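Following are the structures in question.
Below are two complexes that have subunit A in common, paired first with subunit B and then with subunit C.
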Partner chain A sequence: MIALTVALPLLAAFLLPLLPALARQFLGPLVLLAVAAFGLCLAGNALDAPSVVAIGDFRPPLGIVFYADGVAGLFVFAIAVVTLLLWPCATPNGQPDPQITRKHSLTLLMAAASCALALSGDLFNIYVFYELAAVAGYGLAAGSRTPAAQVATFRFTLLGSLGSLLALIGITLIYFRAGSLNLAHLAELAPSTLHDPLGLAGFLLILLGFGVKSELFLVNSWAPEVYATAESRVSALLAGLISKLALLAVVRLLVLVFPVPEASQLLLVLGMLGILTGELAAYRARDFRRLLAWSSIGQLGAAFVAFAIPGPAGLMAGIAVALHHLMVKPALFLLAERWGGNLAQLAGAARNSPIAAALFVLFALSLIGVPPLPGFWAKYLLLSGLAGEPAGLWWLAGLVVLTTTVVEAVYLFRIIGTLYGHQQGSVMQSRTATTGSGIFALLLVGTALSAPLLAAPLQKMATQLADTDGYVAQVISATITAPQRSGTAP
Partner chain B sequence: MLTRYGSLLFATGFAFLLFSLFIALPMGEPPTLAGQAILNEAANSVGAANIVTSVVLAYRGIDTLGELSILFAAATAVGLVLGGQARAPRPSKEDGAGGFILQTGVDLLFPLLLVVGFYIILHGHLTPGGGFQGGVVLAAALVLPVLARPEESPSPAALAWVEGLAGAAFIATGLAALAYDHAFLTPLLGAGQLGDLFSAGTLPLLYLAVGLKVGAELAKLLLRLAEEGPAA
Partner chain C sequence: MTTPLDLLLFTAAATVAGAFALGRWRDIAWLTGAFYIAQLIQLTGLDLPSASHAGFTLFGQLVGWQMDGFGRFFAIITVGAAAAATAYMGGEWGERYRQAGHSLVWLHGALAINVLAMLLLLAGNDLIALFIGWELTSWASFLLMAQGGERALRAALRYVPYAMGAAMAVLGGIVLTHAFTGTLQFTELAQRVPQLENWQLALMVTLFGVGFSIKMGLLPFHLWQAPAYAEAAGAGTSFLGAISARMGLFALALLLVKFVSLTRLADLEFVSGLFDARDLIAWVAAFTIVLPTFTALKQNDARYLLAWHGIGQGGYMLLGIVIGDATGSAGGLLHVFNYATYQAALVLSVFAVLHRTGTADLNSLGGLVTRMPLTFLVMLMGIIGLAGLPPMNGFVSKWLVYRSLMIEGRPLLFLMTVIGTLGTILSVYKLIHNTFLGQLRLEHEGIREAPWSMTIPMLVLVGIGFVTGVAPGLPLQWVNDAQAALGLPVLPHTLGGVESSQGGLDMLWVVGVLFAGFGIGALLFYGVGNRSKRIHQLDNYAGGHFLSADVRYHYSDHFYAGLMHRIGPLYRGSFTRLEEAVASANDTLAALMQAWYRQRVPMLTLLVAATAGLGWMVLQ
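Take a look at the complex of A and B:
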């Protein structure tokens, strides 16, 4: 079942161009629904004990393992649901899109790669599927076919390739030092072989490489340009989903192989710089989608800061920040699909589309962190985690988070003011329905209402994610279903 | 001007970083724990005389599936970016055709290339080579006749069918293992006699799927680029 979450979307993506038109429409969503069900099952099972599958029945340090703990199951579920909500629209602007099958194929490939990133327990396998998500992302980002989008995608491709190269050098360095690629095996080998400047250089290279997709400070310059020019749904997928999966891969490496203060501090400092640059640039932005992109960089920075906090508390805060961003940012990009880019044109839009404006207010309040909404709990966990650490950089990070919240509030309320202002802007009549963002809003409110119930499973997932010994024991003792094959004829 | 110096500075710094990492690496034998263990047991447990193949298709089969998907994603993305632009009219017999030497050469080479391509694919588990390498030779075999007789290019629809079905066959072979209570992508059919053509279980089938997919995909990609050429 674990491998099916990757195999089924890939199979569907390969077969999609061959099918008759009617089947094309339904195959993708059906497969995604199945993956969502698998994800729920995996997350449910993992609350008892995480499950491991050795792909190809080879015993773990040699073959590749998929490891499904609670976080992985939850992310598989989230991948399927978010991809389904952001499924490329077959008739944008009322006309059928001749390229829609290719877009659907790429979206399915992206979903499969994301699932594999969440599940994989092998460093090189993570790299392969990161690369698959990246290539599918380049294709989709260029898919709006405007010259601006193609220029932005070209820069994105260059930066992404540089990132992949860095990650590959990092992985090579780690394999050269430790002699294995399996994360559990590396976790055992790390204290004697990898906790030195060379090993940490490997981690830094991988961090910068995967950081391209998770909008890490220094390598995120592609984000505003691409998000402003690509189709909004693609921006939503990249900002909401792919960034989190790249982040999850880095976090697994951090927790299992590099649980050393130097590595955490690296994440902390880069995350802090990400928050500062992201939120300040968002304050200056004059384009709705660019603003969302910069604010996304800030949010991802907050997630990096949260994951830098050692122990389950930090992981729980990180998961909360990431999941909250996963619900809010795609919804906001869907609103941008409706409203277009220019902020000045939004004046008085609340009169034309009251529901969309109300939804925007809801998401904005959650982003800022107003109490009953999930954004508040995410920030609360983050701040209490930071406050629990010794003074110094950690408290500085807390201060940065608090200060930038004010900046966030200013620019978001400025938009709300424009939306409900008296001036009449030239915003065009709504182009698409608010169904997508409405569903995200329902999810958000649902999470807010069930926050007390969600705390316990979330705590459990964070503990599982932090449990290195448990991970190693589970993977090394993974059951091989086949008896060791011998050299005799069948 | 400033950006140029910036790029130069970046490149120098990057080179210096790689150089200092290289200098810091300890000399001597690196500990290839996983690699050595695979070398010791692969011949017996997988049955492929070419150890590289047992790593590519058995131990790390899902990586290969990922690589195939990356190629597919790249080809699809190229189609997405280029497709739908004003196509150059299909070249007529007079203006596109190659000369006598090219046409005769292609006629001679075409069957040879096909044989070499399939040979490399089908012997991937015995000798160096395999699906990726053989697939590229197949793609060359398909594209070469187009140079000589542009009007007789293979139909993209047929290539798409080969590509899609070959990819599906790879995954289906992997899924078949689930029916026998094994994990995804477990090699079936037993290891056989080391060095025989019919050995290493399902690995040759997987390589055949890889070869056909790579060949069809590259041919489709090259034909599409050739089609776009005159229009640009």
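Take a look at the complex of A and C:
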């Protein structure tokens, strides 16, 4: 079942162009539904005990493993659901899109690669699937066919490729030092081989490389350009989904291989700068999509800060922040399908599209963390995690989160003010976008209402994610064939 | 089993639902009004403390609601103010509001949401519950402020950074409190917070203090309040003015008195033995009395004038509570109630004038006493209360605060309050003079008294102000419950006031003597020497000239020119400039950040970062 979550969409992606037109329409969503169901099962089972699959029965370190713990299962589920909600359909102005099959294929490819990224238990696999997701992402981003989009995508591709290259160098460095790419092995080997400047250099390179996709500060300047020009659904996928998976890969590495203060402080500082630059830049944004892009840079900065906090508390906060962003940002990008462009044109739009405007208000309130919406709990976990650490950088990060939230509230409410202004509006929100973000809103409200029930599984997931010994034991016991293991261990 | 508090919260929630579901119904005000009355009845009969079953546990935190005497005191005022505002909205005023293209549904709804949010805040039994209530209250009051036109919306948007700044300061305080004490429950906090080290306590008090002061409109965080309250829709303004900002006071008192305790607060010394945190707060309160009051004096819009007074009056309340003896704290708390009654009445009377004349500009009115005598009566009684003179209730609470400042040996603070009261008297005289006295404008010749739907709520409010002025023992009972819940000494009282060996106050006597004096004066005037003759104001002359309609002799513009000549240079607008400085610093920073994202060759940044990182690692 674990392998199917990757294999099914991958297969479907390649088969899609060959199928008759009718089957083409339904295959993708059906596959995604199946993956969603698998993901849910995985998450449920994994909360009791994570499961491990050695692909092709090759044992590590030669073979590759999929490791499905609660977080991975949850992400697989989220990937399927979010991709389904953002499934490419007719162009915003309602005409059929001649490129639709290609887009469907690429989207499926991206979903497959994302699932694999969430599940992979070794660096090699992570790299391969990261690249696969990236390539699909470039293809989708270029899909809107305007010159601006193509320039932006070109720059994005260059930056992304350079990032991948750096990540590859980092992985090579790690392999050079430790002689293995399996995360479980690395976790065992790291204290003796990797916790030195060279090993950390490897982590830094991987962080910068994967950071391109996860909108890490320093390497995220592609985001506003690309999101402003690409189709909204693509932006939503990139900002909502792909960024989180790149982040998850970094987090696995951080938790399992580099649980050292240097690494987490690096994440903390970069995350903090991401929040500052993102939120402040959004404050001056005059374009709806750019604003969303910057705000998402800020939110991912918050996720980085959260994951930097050592121990399960930080991981729980990180998961909460990431999941919250995953629910809110795609929905906002969906609204940007019609509302994209200059913010001034939104004046009075609430009169034409009251439901869409109300949805925007809901998402805005959750983003700035108004209780009892989930955004508040995410922020609360993040801040109490930071407050629990010793004073200094950690508290500074807390201060940054608090002050930038004020900035965030100002620019979001400025939009709300514009939407509910007293002019007669000129733009009309599309029904598909309203429905799509409405579903996200239902998810959001559902999460808010069931928060007390969801807290326990979340806590368990974080504990599982933080449990390095458990991870190692699981992977080793699942793939126990002594000769191979003893052959490589130093 | 539902508890009384469950029932109360349920009624409040039902009010919200009713306001939105049936909002288009013409007589919706009767329904919501009845619901508010029901809430009031439930509140006055509440057993203290009353817990609610509502609550949940999340991330190890127990979140629950329980109302004690302190919360109940504020809740009664909240619901009462809402009931008055609803009655006012129910008649002609609401009809006109609707005809002007505004949504009455949203006005009723926003009001009901405000009440529910405030009840949740007031009944919170832990810091998370408090924060939930706090945030809901903030955004609910934003909603209420934004009703009623473009200017209202703009003023409300100015409130956003303040509200959010407050929320974030409070949230920061909450997570630090949890890190320091390991609990967020009120009862446990009251035991553990005083035992914190001084720096921890100082950090906590600063964060919470800033957050709560913003809502309260304490200096220097007060700038948002006057425009946001003044520009809102009339009934909304009266509710906001009467109680909304007091939520900040509620939380501040909870923090300072219940958790930190005033004696522990005095341990945070700035100058050893001379000036501590408690003094600082008292002085901030004193300046909050004086400066906004004198800003009010300069206003030419009646709504703004009252809104600025609202900020100033908050200072009296906080000052009384921080002094912390039985008399002072009773005075501070009682002032919350008293202020709400006359402020709501005053705002409603100003909006009644606005309703009839179309303006609240103090330079475009005058002489309306002959046309709107009941509204005049309301404003007269209201300003007597606001100025703190007998027989209205404002006198009693201010007297208690003065009294405690004297007993506790704080002559300088006392002086500040007196300066504040002087400013109040001057500016409320300007208000009533420019509106009701002097020459009636020709265009107001045909003005009629405001309709009963508006005058009755106003009269009821000033009636309450009068009755509780004559018999302050009635609200003092609730004040005593509040004092006890906070852990303050309780002020023994009688129906007419307080009995004390150091000099009590019996309003029954004071008012009796006052009215006896008036009675004698009236007897003399009407019985012996009354030679006055009633004539029309346009049938009049002065200095040998006929005063026709084109001769303007109503002196309103640049009121108090002589005084302003003296104190005018003291108005420097420093706070406004501070606000602008923060805003422009933020703008500049934001521009810099955007410049970062416009870099031409991001690849270069990536390479430089990677190289720098590698270099650093290698050098290690």
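The rule we apply is simple: the second predicted complex is superposed on the first by the 466 of 490 C-alpha atoms of A that agree within 3 Å, B and C clash if a C-alpha of one lies under 4 Å from a C-alpha of the other, contacts with A are read in each partner's own complex, and residues count from 1 in each chain.
As a working rule, a contact is a pair of C-beta atoms (placed from the backbone, for glycine too) under 8 Å apart; a residue touches a chain by one contact, two chains touch by 3 or more.
Computed from a predicted structure; not experimentally measured.
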Checklist entry - In the superposed arrangement, which partner chain does A:I55 touch: subunit B (first), subunit C (second), both, or neither? => result first
Checklist entry - Thinking of the overlay built on chain A, is A:A13 touched by subunit B (first), by subunit C (second), by both, or by neither? => result first
Checklist entry - Regarding the shared-chain residue A:I64, is it in contact with subunit B (first), subunit C (second), both, or neither? => result first
Checklist entry - First (subunit B), second (subunit C), both or neither: which does A:A112 touch? => result first
Next on the checklist: According to the stated criteria, A:F129 is in contact with first (subunit B), second (subunit C), both, or neither; which is it?
Outcome noted: first
Next on the checklist: Contact-wise, after the overlay, does A:S180 reach subunit B, subunit C, both or neither (first, second, both, neither)?
Outcome noted: first
Next on the checklist: If we overlay the two complexes on their shared chain A, which of subunit B and subunit C does A:L198 touch? Say first, second, both or neither.
Outcome noted: both
Checklist entry - Now for A:S221: first (subunit B), second (subunit C), both, or neither, which partner does it touch? => result second
Next on the checklist: I'd like to check the shared interface: which positions of subunit A are touched by both subunit B and subunit C across the two complexes?
Outcome noted: 197-198, 201
Checklist entry - Inside the complex, what are the residues of subunit A that reach subunit B? => result 3-4, 6-7, 10-11, 13-15, 17-18, 53-58, 61-64, 98-99, 102-103, 105-106, 109, 112-113, 116, 124-125, 128-129, 131-132, 135-136, 138-140, 142-143, 145, 150, 169, 173, 175-182, 185, 189, 193, 197-198, 201, 481-482, 484-490
Next on the checklist: With touch defined as at the start, can you tell me which subunit A residues reach subunit C in the complex?
Outcome noted: 155, 158-159, 162-163, 166, 197-198, 200-201, 204-205, 208, 212, 218-222, 224, 276-278, 280-281, 283-285, 294, 365, 368-372, 376-377, 379-381, 383-384, 386-388, 398-399, 402-403, 405-407, 409-410, 413-414, 417, 420-422, 451-452, 455, 459
Checklist outcome for this item: The subunit B residues in contact with subunit A across the complex are 18, 21, 24-25, 30-35, 37-38, 41, 43-47, 58-63, 65-67, 69-70, 72-74, 76-77, 79-81, 83-84, 160-161, 163-165, 167-168, 171-172, 174-175, 177-178, 181-187, 189-194
Checklist entry - If you look only at subunit C, which of its residues touch subunit A in the complex? => result 56-59, 128, 131-132, 135-136, 139, 146, 149-150, 153-154, 156-157, 160-161, 163-165, 168-169, 171-172, 174-176, 178-179, 586-587, 589-594, 596-599, 602-603, 605-607, 609-610, 613-614, 617-618, 620
